[in-house]
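Each of the two complexes below includes chain A, the first together with chain B, the second together with chain C.
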Partner chain A sequence: MARFVALFLSGMTDGVVAALAAVGLLVLNKATGIVNFAHGDLITLGAYLGIWLINGHGWGYVPAVTVSLVLMFAVGVVMERVSLAPLRGKSVHVVVIATLGLALALRSLVGIWQGTDPKRLESPVPGRSTVFGATVTHHRLLIIAVALVVLVAVMGFFARTSWGRQVRAVAADRVMAQLAGVRAGTLSMAAFGFSAALAGLCGLLVAPLGAIDLNLGFGIMLNSFAAMVIGGSGSVGGVVIAGVGIGLIERVIGGYVLTDYSEAFPFVVMILAIALRPQGLFGQREHAARL
Partner chain B sequence: MPPASDPALRPPAWRQHHYLAIGAVVGAIALYVQFGQYLHLPGLFGSIHKQSGLSAFNEWLLLAGLTTSFYLVFGLAGRFAFSMAAFYGLGAYVSHWATRTSRHNFLVGTLAAMVIAVLLATAFAVLVRKAHHFYFAVATLGLSEVLLLLFQRVRRLSGKSSAEIGNAKKIDLFGWAAHTRYRHVWVILAALALVLVVVAAVERSALARRAVATRDNPTVAETLGIDSTRPGITLFVLGSALAAMFGSLFVHTRSVGTPETFGLKLGIAVFVALILGGLHSMWGGLIGAWFYTYIPQYLTGLQQWTQVIWGAVLVLVMIVLPEGLVGVFRWLRHRIRR
Partner chain C sequence: MRMFTMAAGAAVLSLGVATAAGATTPPAGTTAGTAAAGTGAAAAVDLCSAAAAGPITIVHLTDVKGESPTAIDDFSNGSALAAKQINEQCGKEIVKVERIATDFSAEAFETNVLKAQEMKPTVIIGQGSSSQMSKNSLVTDGGIPTLWPVGTASALKGGENYSELSWMLRVVNDTQGQVWGKYVVDAGFKKAWMECVTTQLGVSGCGAAEPILKAGGVEVIGRSDSATDATDFTNSVTTIKDKGADVVVLAQFPRPTLAFAKAVEDNGLAGKVKLIGSTSTELIYQALSPAAQGSMVALADCNPPTDAPDVAAAYQAAYQKGMTSLAAVTYDAVFMTVDAVAREGSTDPKKVAEGIASTHLKGVCQTYSDSGSHALAHHMVVTSFGGGKVTTEKSYDLDADGKALAGG
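Here is the complex of A and B:
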C-alpha cells in the first residue's frame, strides 16, 4: 500500500505539471493556431530565472516567483513580436520551424547565461511527511496543490472572462471573431505571454525536485504534447485529465511493470491514441471543436 | 514528356538531365577528394589532406545523405517527421548488433538495419496514417523517444554493460579494407550518390507528383482520385530506410556511438540543413549540410554562440528566404536570364 501511495503521489505530481504545461500550449494553439516547440525551453528558462533570483540574489520565494512570471510573460510577448508576428498567414510548417529555431536559440542562450552544469534550488517547504505509510516530500504536495488551483483558475478564467470568451471565439471561427471586433493581434501577444508565464510556473514548481539542467523542459514538453494529443486539442478538461493520466500511467503502472521502460509508456499511449482517434480521446470532430 | 517550347518555361538543365547532374556533382566531389590538396581552394572543405579535415568531410557527407533522405519525407511528402535522427541511430545500433559477434561484414549489417527500419517505419506510418501536421510530428517525436530509450536500455544492441557502441566492425568490401578516413570518404560518397539517384528517380515518378499534390492540396488531390495516405507512407518508409543506411555507415566508419549521438541535436541539425539549403530541392540537403558542418569553423571565438546562430538562422530563413539557399541560386538564374 505504501509503495502504491508513493507512486500515486509521484504520478500525480508529474501529471499535474504536464497538464499545466499542456494547458499553456492549448491556450496558445487556440488563440493563434500555433504549436510552440519552444515551450519546453520556456519551462527551463522559468526554472533558471527562479534559481538566478533566489540563489544568486537572495530573493524570497514569493517576490522571486512573481518577478519570474512577469519576466516570462514579457519573454513570450517579445518572442511573438520578433519572430512569429512577421510569419502571420504563413503555412503551419513555416511557423513550426520558426518555433524550433526559437527553442534552439533560447536553450543555447540559457546555457551561455547559466552554464551547462546541473543546478539545484531549495524547496520553500522543506521536509517530508508520511501518508498511508508512504514518505512524501512536502514539495510534491505543494506542486499538486498549486497546479490544481492554477488549473481551476485558468478554466474559470476562460469560462467567465471577456478575454477567455474572445479566445474561445477565435478558436471557434477566427474570421468571424475578427469581424465581430476581436483584436486578434493583441490576443496573439497576450496568449504568448500567458502561455510563457504558465511554462515558467511549471519550471519554478519542478526545479526543487532535483538537479536541473538544460533538458528539464524538454521532457515535460513531450509529456504535455502527449496530454494535448490524448486529451484532444479542443478541450481544457480533457487535456487536464489526460495530463494527470499520463503521470499516473508512467509512475504507477511503470512502478510495477517494465520498470526500466516506464518513460516510454506516455509515448506508446500517445501513438495509440493518435492511431485510434486522431482528434484525441476527449476531442470533438474538427468542425465542432471548442475550447 | 517533350521539353516546353517556350525557353522561359523550360526547366533548368539539371532538372532535364537529373542523372547527369548527379554524376557531375559526385564526380566533382570525387575529384576534389583526389586532387583537392593541390588546388588550395581556401577553406571550402577545410584541410582535406589532414585527418581532421577528412573527418569533417565525412561528417558533411553523412549529414548530406541523412538530410537528402529527409527531403523525401519532409520536402516531397510534407510530413513533419522528428524521427530521422532516431532511424539513423536505429541503423547504427542494428548494424552493430548484426555484425559484432558474427562473421558478417558491414553490408549484411546495413541490409539488416534497412530491413528493420522498413518494417518499423511501415508499421508506424500505417498506424498513424490519418494523423496530419502537429499530430504526425508529435507521433514521430514519441517514436524517437521510445527508440532512444531502447538504445539506452537494451544492452544486447551495444553488446556491453553500457549503452555505448564501441569497437564496431570496420568496413571490408570483398577484400578491400576501408579502414582509413580517406577510404571512408569513398564508401560514404558512393552511398550518397546512390541516395541522390534514388531521389532523382522518385522525383521523376508518379509517386512524387501524387505526394506533392497531396502535400499542397489534399482535398483537390482526393477529388482527382489520388490516395492521400499512400504517397506519404511510401516516402516516409523510404526516407527512414535510407537514414538507417547512413546510420550504419556512421557506426562502421566511426566505430563508436552513444544514444545521445542520435538525439535532439542531430534531429535539429537535419532540420537546419534542409531548411537552410532549400526545403523543395533535392540539392538542398547537400548545400545545407555543408553550411552546418563548415560554417562553425569560421566562427572562431564564437563557438558557444553556434547553436544560438543556427536557431536565429532557422527563424530568419523562414522570414526572408523561405526557399533556402537553393532559392537564392534560382533567383540569380532568373536575374541572369532576364
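Here is the complex of A and C:
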C-alpha cells in the first residue's frame, strides 16, 4: 500500500505539472496556431527567476512567485513581438524553427545570466508526512494543490470571460473571429504572455523537487506535448485529464511493470492515441470547436 | 639548466625534476614535475628549454553546452592556468592555448577538430565527452596528437575507436565500476542498490561493479537503468526503503544524481543510506542540501586541494572557485605537452606523440604514464562532501593499462 501511495502521489505531481504546461501550450496554439518549442525553456526560466529573487535577493516566496509570473508574462509578450509577430503568415515550418531558435537563445541567455552550475531552491513548505505508510513531502502536496486550483481557474476563465470566448472564437475560425471584431494581434500577445506565465509557474513549482539546471523544462515540455495530443487539442479539460493520466501511467504502472522504460509510457500512449483517435481522447473529429 | 620555484603561497612549479622512471617525488613544495621515462637513471627536463623547439600551440576544444555544462569553466580554466604559470616562470611565452568553442555532439566535434587541425597546433586537447570518441579516426587522419580529458575504453588500444595519436587522461568507465564495487566492499556495506543510466558509463560501470559486489559478499537488492534525464526516483527509493539497502551505487550524472539524492533525503534516508556517485559529482555537490552532501561520496580522478594544495590555491585565487579534478587534468595536459616537446626537442607531431607515449609526468592529478594502451591515468580516489568540502576518503591504484584495479 505504501509503495502504491508513494507512486500515486509522484504520478499526480508529474501529471498536474504536465497538465499545467500543456494548457499553456494549448492556449497559445489555439490563439495563434503556433506550437511553441521554447515552452520547456520558459519553464526553466521561471525556475531561475525564482532562484534569483529568493536565493539571490532574499525575497519571500509569495512576492517572488508573483513578480516572477509578471516577468514571465512580459517575456512571453516580448517573445511574440520580437520573434514571432513578424513571421505571421509565414509557413508553419518557419515558425516552428523560429521557436526552436528561441529555445536555444533562451537557454543560452539563462546560462550566461545564472551560470551552468546546478542550483537548489528550498521548498516554502519543508517537511514530510506519512500517508498510508508512504513518505510524502509537503512540497508535492503543495504542487498538486496549486496546480489543481490554477487548472480549475483556467478552465473557468476560458468558459466565462470575454477573453476566453475570444480565444475560443479564434480557435474555431480565425478569419470569422477577426471579422467579428476580435483583435487577433492583441490576443496573440496576451496568449504568449499567459502561456509563458503558466510555464513559469511550472518551473517555480518543480524547482524544489530536485536540482535546477538548464535542462529542467525539457522533459516537462515533452510530457506536455503528449498530454496535448492525447487529450485532444481542442479541450482544456481533456488535456488536463490526459496530463494527469500520463503522470499516473508513467509512475504507477511504471512502478510495477517495465520500470526501466516507464518514461516512454506517455509517448506509447500518445502514439496509440494518434493511431486510434487522432483528434485525441476528448477532442472532436472536426476542427476544434471548444476549449 | 634552469630550476626554479615560485614564491611561497603561489603555485609552485618544478620544471626540472631529477628522477628515475616511474613516479617522481618532487622537491618539497613542488606540485608538478617531469621525468624522463624509462631511463633508469637520473634525468631532468627543463620545460623552458621547450622554447628552443619552436612555439608550442595547444588548441583546446572547449565545451559550451551539453549534459555536463558544469565542466565548461573547469576544463577551460585548467589549461589556461597551466599556460600562464609556465609562461610566467619562463619569463616568455613558451606555450599558447587557443580555444575553439564546441558542444557535446559528434557532428560539432567533427567540424571543430578539423578546424583545430588546420591550425597546425602542437597538441589538441579534446572536450570532456566520451561521445566524441566515435570520431577518433579524425585524429589519426589529422596527424596531431590529441589528449582527451575523458576515459573511454573503446578508444584504448584494441578498441573500435582507437587512434595511435590520442590518449585518455582519465580513468575508463569499466574501471570506475570496479572502484565502485571495491569501495562498497571495503567500506563494509551489506546491501546495495544500483542506480544506473542507459549510457556507456552506467551500463559498463554498473556491469563492472556488480560482480565485485557479489564476490565481496554484498547483496545487490536491485537495479534500475534509467535515462540520462530521469528526475523521479520514487520507485527506486521505495524499494531501497523496503529492502533496507545501506548503499547506492549511483551511476548517474548530473541532474539525476541531484534528484536522486533529494529523493533519498525527502524519504528520511539521508544518513542511513550512503550514495556513491560517479566521477564529476564534485562539480555539482554544492547544489545538494548539507544533509544530502553528508550522505554522498563519489569517485574522482584526484582531489587537487589535497593532492596539490599549491596549485589548487593558485586556481582558487585566479578563478574564485575550488580546483576540481577536471580542471586538474587539462592543467596537466598542458604540462604534459610542454614536457614532451622539451624532452623530444621538437614540435614535430610524431616526436611529440613519442614524448607523450613516454611521459612520466607527475601532474596535479597523478603520475601519468602509458604502458601502450593509451590510458594515461592509473589512480582514482573516493571523495566525500561533508561540511561542504571535498575530502579524500580512499585511493585506489589501477593496473598499468588503467583498465582494472591493481591486482584485481
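Basically, the second predicted complex is superposed on the first by the 289 of 291 C-alpha atoms of A that agree within 3 Å, B and C clash if a C-alpha of one lies under 4 Å from a C-alpha of the other, contacts with A are read in each partner's own complex, and residues count from 1 in each chain.
Note that in this section a contact is a pair of C-beta atoms (placed from the backbone, for glycine too) under 8 Å apart; a residue touches a chain by one contact, two chains touch by 3 or more.
None of the values given here were measured: they were computed from a predicted structure.
Asks: In the superposition on chain A, see if there is space for chain B and chain C together, and answer fit or clash.
Replies: Clash - chain B and chain C, as placed by superposing on chain A, overlap.
Asks: Between chain B and chain C, whom does A:86 touch in the aligned arrangement: first, second, both, or neither?
Replies: first
Asks: Tell me the contact category for A:6 with respect to chain B and chain C: first, second, both or neither.
Replies: Second partner only.
Asks: Answer with first, second, both or neither: which of chain B and chain C does A:251 touch in the superposed model?
Replies: second
Asks: According to the contact criterion defined above, which of chain B and chain C contacts more residues of chain A?
Replies: Ranking chain B and chain C by residues of chain A touched puts B first.
Asks: Taking the superposition as given, does A:124 touch the first partner, chain B, the second, chain C, both, or neither?
Replies: Neither chain B nor chain C is touched by A:124.
Asks: For A:226, decide between first (touching chain B), second (touching chain C), both and neither.
Replies: A:226: touches chain B, not chain C.
Asks: Of the two partner chains, chain B (first) and chain C (second), which one does A:135 touch, if any: first, second, both, or neither?
Replies: second
Asks: Who does A:164 touch here: chain B (first), chain C (second), both, or neither?
Replies: neither
Asks: Is A:263 touching the first partner chain B, the second partner chain C, both, or neither of them?
Replies: After superposition on chain A, A:263 lies in contact with both partners, chain B and chain C.
Asks: Which partner does A:218 reach: the first (chain B), the second (chain C), both, or neither?
Replies: both
Asks: Could you name the one stretch of chain B listed in 153-161, 279-287 or 315-323 that collides with chain C in the superposition?
Replies: Superposition on chain A puts chain C right on top of 153-161.
Asks: Using the superposition described at the top, list the residues of chain A that contact chain B and also contact chain C.
Replies: Common to the two interfaces on chain A: residues 107-108, 111, 218, 260, 263.
Asks: Quick check on the complex: what are the chain C residues that touch chain A?
Replies: Counting only chain C, the residues touching chain A are 65, 67, 69-70, 72-73, 198, 224-227, 229-232, 234-235, 238, 241-242, 254-255, 258-259, 262-263, 266-268, 283-284, 286-289.
Asks: Hey, which residues of chain A end up touching chain C in the complex?
Replies: Counting only chain A, the residues touching chain C are 2-3, 6-7, 10, 14, 107-108, 111, 116-120, 128, 134-135, 137, 209-216, 218-219, 251, 254-255, 259-260, 262-263.
Asks: Please give the residue numbers of chain B that touch chain A in the complex, ascending.
Replies: Answer in residue numbers: 78, 80, 124, 127-128, 130-139, 141-143, 145-146, 149-150, 153, 264, 268, 271, 275, 304-308, 310-315, 318-319, 322.
Asks: With touch defined as at the start, can you tell me which chain A residues reach chain B in the complex?
Replies: 35, 83, 86-87, 90, 92-98, 100-109, 111-112, 218, 222, 225-226, 228-229, 233, 260-261, 263-264, 266-268, 270-272, 274-275, 278
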